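Shared chain: subunit A. Partners: subunit B in the first complex, subunit C in the second.
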Partner chain A sequence: MIINGIFLPFPLFVLSVGTMLLLASVTLHRSSRLSFSLGLLTLVLATVMTYYPAPIMPLAATQTLFFADTWANYTAALILLSASCIFILSWQDVTQRSARSADEYALLLLLGALGATAMVFSVNYMPFFLGVEILSIALIGLVTFRSRHTQKGLEAAMKYLILSGVSSAILLFGIGLSYSVTGSLVFEFSTAGHETGTGIAAAASIMVLSGIFFKLSAVPFHMWILDVMEGASVPIAGFIAVVPKIGIFSALVRYFGSEPVTPFLHNTMSAIIILTILGGNLLALCQTSLIRLMACSSIAHVGYLLIAFYSPGHFQSDTMVLYLAAYTAATLGTFSIIQAFVSPEGLQRSTISDWKGLFFTHPFLAVAMTAMLLSLAGIPPTIGFFAKFEIAASGLEQRHYILLTALIVGSIIALYYYLNIIRLMTTPNTSLNIGQNKKTNLTIYSTVFILTLIVFVGGIFPSFFMNSIHPALPSTRAEYLQSHIPLP
Partner chain B sequence: MNALPALVCVPLAGASIIWLTDRLPATRRSGPWAITLMTLTLELLLLLWASFQGTSHQGPWLNHFSIPWVPPLGIVFRLDMDGLSLSMLWLTILLSLACVLLTTRHIRDSSGTFHALLLATISGTVGTFLATDLFLFFFFWELMLVPVFFLLCGWGHENRYRAAIKFFLFTQGSGLLMLLSILGLVIINFQETGILTFDYFVLANTPLSPLLSMLLMLGFFIPFAVKLPVVPVHVWLPDTHTQAPTAGSVILAGILLKTGGYGMIRFNLMLFPEAVERFAPYATLLGLIGILYGAWLACAQSDIKRLIAYSSISHLGFVMLGIFSVSPVGLQGAIIQMLAHGLSTGGLFIIAGAIQDRLHTRDIVTIGGLWESMPRLSSVGLFFAIASLGIPGLGNFAGEFLVLFATWSVSPFIAILATGGLILASVYSLKLVNGVFLAPSSSRAEPVSDFHAGQMSILGILMTLLVILGLYPQPIMTFSLPSPATITTSNSGKNAS
Partner chain C sequence: MHILALTSACISILGAFMVITRRVAVHAVLYLVVTLLALACVLALLGAPFAAALEVIIYAGAIMVLFVFVIMMLNLGKPDRDRETEWLRPRAWVGPAALASILGMELLFGLRTLSGTGITFQITPREVGLSLFGPYVLMVELASFLLLTGLVTAFHIGRHWPGEH
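Right after this comes the complex of A and B.
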């Protein structure tokens, strides 16, 4: 039955073919340079493919596995662009520094992007779960990659392996329960079975949500992200902060459609959002490592995003679109700048106090870093300001006053730790040096430059990012599908 | 051709030019200073033009400009100018010109960045005084904080980092409340009419329940109160003013604090007149507390800049009192007081900075009698000190008198207590005068240079303005009253289309 419904959206198709080609090329001739070029080419092609509308195919209604609406295409494009950015950042790092060739690295990165893209497009539990697993397993490999330099990478990968395994198991169990109640594997929140009061339906949704929140690192499930990001190399930490989150968030939006969340989840959602915002920000206050701080800030940003997710209304789709873009640009920018200071031996300069005096030694990077941090803190003239503004608008429209209070308190706390970094950069004494050769610097500098440009241009003309990319509602999706074959 | 967008953009353009020329290796050290000066002169000319251009359309608003900015959200880049904003702009430009001429020439380290930041601050302030799209206003409001933060961090005194972060947290954090209020107003209007707009004139007509209008009014009030500052939320001010570089203190005290008062008039009073009336007793009480508490603390300071900072809190309490007396007289008094305070306190900070540059201390006792060694500086200092004391004939007196007059008709009791603030004002002002200028001169090893004629003439302009404000405030009083928000609504529709 499932065979009938196989239809691959173009980007997914390109990614799969690219992955296979990469595998084949590795078996024939091992060369990091070739693998990286092939990987990057695949990503760029796949990104281009997101601009083409999906073909309309006659599909078996409930058995369709993928669905490509503008929302999926948009988030897929974000994922692919971020992955390309990570590719560029790690290029020199991996191909030149490591003694042996690094084809696996390119392969795993590509697989990670494939997993995240699969999540974005899937409308069935099966491909969704496959996407989650492909991404997780690729991440384990990527995190260990650093173990050549330090034991930390191994430790982090181990932690991630165990915790992510547990969460996957919970997710899978939830999917099973959901199937037992509804008899369908369609990836959407189902209200069926809640009235009978058996509790199985509720347990199913809660387990699925727990799995999703774990991958999203919302607060009661956030423990892993700090250690894993610290243990990974800088580009991979950036990857973890951006790609899986976009993928999972996009899937979460698809799971509920952009309709009001069912009442029995209201308190849970509010509690999780408040915990995530406050938890992330409070944790960030006492970090001394920049990477850990960024991990905490990414937790907090997930909290803000969840406010938008939880507030359907006039502003919602614009908000999510803009916020994802803002978060991605600023986070990737920060990690690119951190990567610029990784020493040739692979030593990270991630202690915050190392960043003293950056304004005097590297004014360009300091200005870029300031722009990124201001954007993350939501201060004009950066894109993050508009994003936060829209979050507040969508929350206010639905009158989530408690969540807005959390937003404000969280933002003020966040302001403190972001400003603290900027303040350190203006102090005169310095210890930081750029440790890499000119060529690497050029690639990193140009990446940073492009991201800074996005942050500023998006902050002054945000309407570029506001073209109302609505996720297709389950109802319209069903309608669309129904027009081909009626539901059984 | 319209002067308003140019007024906002010229300082920004100047800042970018400075930033660019700073990259060139061959720039002279005083290059950025000269460019800043040229930019501000251009700004002054623009302002002259804007003042005498004459109104292009009927209604009390003098000038208008709008282009769409973020169409999906109904955000418009809309600037309007009335007498209130025009007088605030004059204060801004004159004071920043004086400040640049007198204090920033000798900035040694990264002079280019310093001047670029200074111009960016001025641009943000000008934008704040002109914006009539609520979003645009908020944008400028937040935008002007960032360069000030960097000015504090980069060029402040010994305790600058703490002060900078405190300043930013207070002003930006409270700004978030204003954001919620703006959004609340916009969304209520959206739900009523189906039009998503941030336009000041449209939103002024939004029907609101008493509770809602009170809440929204408070959302606007709190950030303005932080900026003004009003007593429970004033704690950022003494630190910030003390630690800021001289130019920063002048801009902060002379101009940035006025955005708080301006906001209260433009947004609290005009958008929520009825809620303001209900809130007025509490606000008056806060103003009174500010007057007495600020003055009391000022009496106890031994750091000149700190003393002036606390005296600002006291003076701006009068502004608060005037605004919330909800009468034209009180409002006129508040505006005069804002202008006079900008000039006199700006002047005092210039003097304090000059003293610190020469003697490397801000401690009143250590400075000890300057009259002998620096008669010109001392006499100007004396002038500004007695202006801030409220001597009749100078601007501050006119402002304070009008405010007290208006307060009397509301509550004689509060007016009497507020008069106590004037007595305390003479105590701290005379303490300053006695300690710094008139005390027996302490023996000093190195000779100090006095103000030269150029500097004296610039300060002379500020003094003349104070005298004019004090002797003949009537034209400014009638001119600078804010135009009502409701009159141009029919008009603005035509302009926008």
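Right after this comes the complex of A and C.
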């Protein structure tokens, strides 16, 4: 929407209004049910709003803060749907506790979604950085919501606070240096200054990329995610695995456009991708906790996604769109199944050996879990197979043979630890008890059912997700704006 | 002019290093004040007097008061008199005072030699306000959401729940 020549994407507008309404309702009447319904309603409305075509933006290209193209709308819809899913998963967990704490939970989840959405739509460093910070600070608060092991949650929040602060400082320094070289805050990789060889432009890009890779948890910057996800409650761990990564990845794609990465970053990108894939998978091998294992697997999946990002070509946009959907559905599905086994007192069954014999006691959840894990491993007939196939195709198109070798080695390692969980689930002997409350089970079961359906339908008809959602290039963006500026 | 800016920058780095190596919080805060004043000098010499003034008023002024206040609240172990004599030993304040006096001399020198030759293009508070509430009004709103998030998070973490912990 446009007010006085200032463009604000519809979903962001709905989210801000929803946040303010939630605040107002909290001041009038404190009820966890009301807060959660209001939060969920806002997210659903904002998701619907991503389908509305963006209006014409009457601003000069240099002054634009937000831009809504199909890529931004698609990733925003993914973020909002994931956040709604997290809302549904944590419903029972939080509303059982006192109403005051539930209000804050709903508020912080909504603000986190707002931050991620702001990142996705931003074409300027300012909204991007503000979005990153809103999301990180909301996450610090969300990590501490844990009915048991409050100390563990606080410890994780403290770790995240310090590390995310350091990475934000690096990002901000990079933005400052980039401004000193180019004189503009437009959020795009600028080749200006690289020819003169002063090093400032290179330092700026490296620092901005470091900040982005930290939030993406690519390998040299991945250490925080294991501890933070383990310290958080199960739905919030799912939130950390999905929402910030989609937001930051979308912004990264926007940063480079879909043009080839400049030559001086070739070695850096290849090294980061190989380290991320191998590091994530090797770390996952020695984990005994399912949540830590999922954290490692999310690191590895970021590596696969970066291959798609690094291989511009015919397949790139389809690959990124399909892979984001596949990763989101399978990860959220896994976390909903883990959440189904959290006891009403908040005790997590996250050790892998706890999952023995699930096929005999809870056949539906076991089948769904198998589907999710197979999708993450990339085995047909799940959506993960086509996603990984597309990544291999796009890598092959650009002849990134070393990266493809890393992809294959990583996938083989991943197969071992994913199949190991399935093997354990088929072993008899069980001690697993599902949460007592029938109503919780119904919501979680239906969430799991829908996600399983997405995983299978996406695996059989992947073309549903591949309708060429290209991120608008900076040049086309400028042209678009030029052509729509009303003549004076 | 270059020498002045570089000296201030060196002082700010030195001060920042001293901030993170001090063991007593109040001593660290003294160095932090010097660091912020040096940063303000750098900004002023770069031609951003408004940013420099904000740095002094908000950071060295308001936020430092908050820091000192929090330190006072948290240090409840010893009697006040002992604590204050320990804080006011020369060893604690000579370093920051020396750095601050270098900055002060710079300021006096700058006032004498640089007045008149100053910056022709100045960013006034009026211009800052106009651009904040003109093209960048959405950023102000987004920043307010950031503050709201920080507030809710701090409120949640800082509160004691009966029955939990």
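Basically, the second predicted complex is superposed on the first by the 468 of 488 C-alpha atoms of A that agree within 3 Å, B and C clash if a C-alpha of one lies under 4 Å from a C-alpha of the other, contacts with A are read in each partner's own complex, and residues count from 1 in each chain.
One rule holds in what follows: a contact is a pair of C-beta atoms (placed from the backbone, for glycine too) under 8 Å apart; a residue touches a chain by one contact, two chains touch by 3 or more.
The shown structure was predicted, so the numbers you read here are calculated from the model rather than taken from an experiment.
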| item | value |
| --- | --- |
| Three-chain arrangement built on subunit A, subunit B and subunit C clash or fit | fit |
| Vertex subunit A, arms to subunit B and subunit C (CA centres, degrees, nearest 10) | 150 |
| Touching partner for A:Ser164 - first (subunit B), second (subunit C), both, neither | neither |
| Partner chain in contact with A:Leu8 - subunit B first, subunit C second, else both or neither | second |
| Partner chain in contact with A:Gln287 - subunit B first, subunit C second, else both or neither | neither |
| Touching partner for A:Leu107 - first (subunit B), second (subunit C), both, neither | second |
| First, second, both or neither for A:Gly131, with subunit B first and subunit C second | second |
| Where subunit B and subunit C come nearest after superposition, their Cα distance in Å | 40 |
| Overlap of subunit C and subunit B interfaces on subunit A (superposed complexes) | none |
| Contact footprint of subunit B on subunit A as seen in their complex | 314, 318, 359, 374, 379-381, 385-386, 389, 392-393, 396-397, 404, 408, 411-412, 415-416, 419-420, 422-423, 426-427, 461-463, 466-468 |
| Of subunit A, residues touching subunit C in the complex | 6, 8, 16, 19, 23, 59, 63, 65-66, 98, 101, 104, 107-108, 111, 114-115, 118, 126-127, 130-131, 133-134, 137-138, 140-141, 144-145, 147, 150-151, 154, 157 |
| Contact set on subunit B toward subunit A in their complex | 69-73, 135, 139, 142-143, 145-146, 149-150, 153-154, 161, 164-165, 168-169, 172-173, 176-177, 179-180, 183-184, 186-187, 190, 196 |
| Contact set on subunit C toward subunit A in their complex | 135-139, 141-143, 145-146, 148-150, 152-153, 155-157, 161, 164-165 |
